[in-house]
Amino acid sequence: MKPALPRRAVAEFTATAFLLMAVVGSSIMAERLADGNAALALLANAIATGAALMALIFTFGEVSGAHMNPVVTLAEAAGGFFPWRDAPAYVAAQIAGAFAGVAAAHRMFGLPLFTPSLQVRSGPAQILSECIATFGLLMVISGCARSRPHMAAFAVSAYIVAAYWFTASTSFANPAVTLARSMTNTFSGIRVSDAVGFIAAQFAGAAAGVLFTRWQAKPNPAAAGGPAGG
Amino acid sequence: MKPALPRRAVAEFTATAFLLMAVVGSSIMAERLADGNAALALLANAIATGAALMALIFTFGEVSGAHMNPVVTLAEAAGGFFPWRDAPAYVAAQIAGAFAGVAAAHRMFGLPLFTPSLQVRSGPAQILSECIATFGLLMVISGCARSRPHMAAFAVSAYIVAAYWFTASTSFANPAVTLARSMTNTFSGIRVSDAVGFIAAQFAGAAAGVLFTRWQAKPNPAAAGGPAGG
Amino acid sequence: MKPALPRRAVAEFTATAFLLMAVVGSSIMAERLADGNAALALLANAIATGAALMALIFTFGEVSGAHMNPVVTLAEAAGGFFPWRDAPAYVAAQIAGAFAGVAAAHRMFGLPLFTPSLQVRSGPAQILSECIATFGLLMVISGCARSRPHMAAFAVSAYIVAAYWFTASTSFANPAVTLARSMTNTFSGIRVSDAVGFIAAQFAGAAAGVLFTRWQAKPNPAAAGGPAGG
Amino acid sequence: MKPALPRRAVAEFTATAFLLMAVVGSSIMAERLADGNAALALLANAIATGAALMALIFTFGEVSGAHMNPVVTLAEAAGGFFPWRDAPAYVAAQIAGAFAGVAAAHRMFGLPLFTPSLQVRSGPAQILSECIATFGLLMVISGCARSRPHMAAFAVSAYIVAAYWFTASTSFANPAVTLARSMTNTFSGIRVSDAVGFIAAQFAGAAAGVLFTRWQAKPNPAAAGGPAGG
């Protein structure tokens, strides 16, 4: 029923590439047009990213699950909803797709394929932001996956639009995205040396998110006791 | 079937915390980036809040109902749709979550956990705004709950985006949110001494909203008479 | 099954009042905050109006149909989908609600209840705009009502957001709204003497829209012939 | 069951005309109001276009499929989902509708029916942008059509909002739209001599998109082998 792994991995590659095109491409366009108004640029960047996520989850959700994010894949595997043996292919496809997306965005705007970012993103406020952003992402994905899977495209894209604005880091919340954004010297970039801290924070936030949602979903002991007592 | 109360209360705590992060965090980010353009800042603030609400209702709607608002909990209880004995835990969780969300937003932006707000929000125009905003919120929630519960995430978040703009108070419409926003000295804040008036107006608006929706939902006497006469 | 007429008329009154609050209130807020940038003000105005429409259609769609617009009520009646004898109550409720909404918006912003508008909106470009805007509105409503009624809230609100921008008149497309907006001297207003032309254009556009959708929906003669020949 | 061809062709004509009104009309309105801020103008243009697309797909999706785009019609025919013999009428209706939409937008803003565009859009970055934009559009349409056809209105309009920002060309992705936009000397226009390159790139991207989605949708050989081996 489920497509073969190569097909699903290609779906992850393609979806993640388009996601990065949206993030990086829209940041270039916004920076060029916004005349120095950073709020306007971030608004365009957030709307473009959220809209792309919605389209991509609708397009690839039934094929590969549209994870586009290593911590999502690992969290699904940890929760027993995704086979561990497929995880390496997914993660590799996501990372490769993310870099391909950055390169494509650069080419569409006449820039070199890759340019290391000089954008400083460090300090405890940034680290906390990524931790909370990723916790929230996992919380939203798991919450919807269990009760309203067909609404996940709306919930996830809405969450990311909000998180662009309510975290100090603009919410990367995705190790593949973080790695690839270290190779774009635009306002969506991140210095290579800062990427490590972001990724560590993302894993910490994701782990907390997995524990939280697992506890939230635990079968009700009282309810379970009911039938036993009956 | 329904999760145990502690789990639902934690859901209310977490959802309300994220809602406040969205409200306060996005207001800080917007103020920093908008270069003094208040309309642009409010647009970002409204979009971030509406998007967060949508994600949170999809995520927690099936767990706790995703009230995130004491007047919603009380209105549901008054209407017979929610047990009165669970209300104190809900309201406490909402208030605690709201303060936790403000603290988290401040920390993400490198600010002290709490700072009393100096933002003046008083006068009859503000009070009327909160009264109407809360009436409308209850009207939307009850209207959707009865006829299209699965669409409530869209309706409620759309309503709040609109109400940010069409009320003079930017539509707090939530006592827990109002209390917690008295502890942020950003443009989303409210002076402690003004919070009382806001909360009173919210209760008045909510009471009117409950009466209105109860009347709207009353079984049709003509229709009810039909079968009896048959 | 359907609620009694008074209840439906009150629903129309309330929904139209909130629609006008959204239109007029957001225009006042936007004008005050936008620092003279008319595009930003119109963007906020369009988003607030579209969001309010979505919330109101979800809230009142199952009660009264959420027409909020005399030409919609008349078009539904002309198409046989709404009883002619209920139309006067609907239209009266819509017009009264529209004025109530303007007054409420003004009060929320500390303005007099009504102020005649001085905003000039005349000339053939404006008239053509209203004609096309209303044609399109009827086309969208009828198209959705027939094939995907539960999606009408999305379709109608999206259409109005677009039409704010693609017509020179910002798409009033509603005689009740037009009358009431003649009593607000904000950027959403219209001079009383210009309202007549707008309303005439709206009726012309609506009539064309009804004819168009009726033709589009005509049973397929070839298909109809199939069973007869079988 | 399906409406007769003339009715469907008129639906394509009308839908494409409204799409072009949205694209061109909103670009005129935005240019007039945005006070030289190109990011704000593009944001309004993208939101208006995406919102119009959503409304039009909901309105005409069940009638004609709401292609509004020759490469979509041809891709559907190539995939066996649309009869080749209906394609000429569809394409002709789309092109005629696109020009009618430009003329209507111009008239609504008091401009001559048609004015050749002087907007230069050439070079490899632009060509690559159109190629990727059209590939992505076909990928989204086919992905949704197979698995969640009722969500296509959301996915397609969200994709276009994103693609306005993440491609250097603002994503025309539609030969009928490209031809018609050569006749508007506004910021949404394109020089006639540049339209050829855009259209060639769109066909190339669409062809790649068709091959990609066909491969993605191929029945799983392993799964197919299962029953045979059983």
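Note that the chains are named A, B, C and D in the order they appear, and that numbering of residues resets to 1 at the start of each chain.
Keep in mind that, in the parts below, contacts are C-beta pairs under 8 Å (C-beta built on N, C-alpha and C of every residue); 3 or more make two chains touch, one makes a residue touch a chain.
Please read these numbers as outputs of a predicted model, since none were measured by experiment.
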Shortest chain-hopping distance from chain A out to chain D: 1
Same or different residue numbers at the chain A/chain B copy interface, by half rule: different
Centroid spacing, where centroids are CA-atom means, of chain B and chain C in whole angstrom: 28
Centre distance in Å when chain A and chain C are each reduced to the mean of their C-alpha atoms: 39
Of all residues in chain D, the ones touching two or more other chains: 37, 40, 43, 47, 50, 154
Contacting residues of chain B [partner chain A, same complex]: 1-4, 7, 10-11, 14, 18, 21-22, 24-26, 29-30, 33-35, 37, 40-41, 43-45, 47-49, 51-52, 54-56, 58-63, 104-105, 107-110, 150, 153-154, 157
Footprint of chain D on chain C - complex, ascending: 36-40, 42-43, 46-47, 50, 123-125, 128-129, 132, 136, 139-140, 143-144, 146-148, 151-152, 154-156, 158-159, 161-162, 164-168, 212, 215-216, 218, 220-223
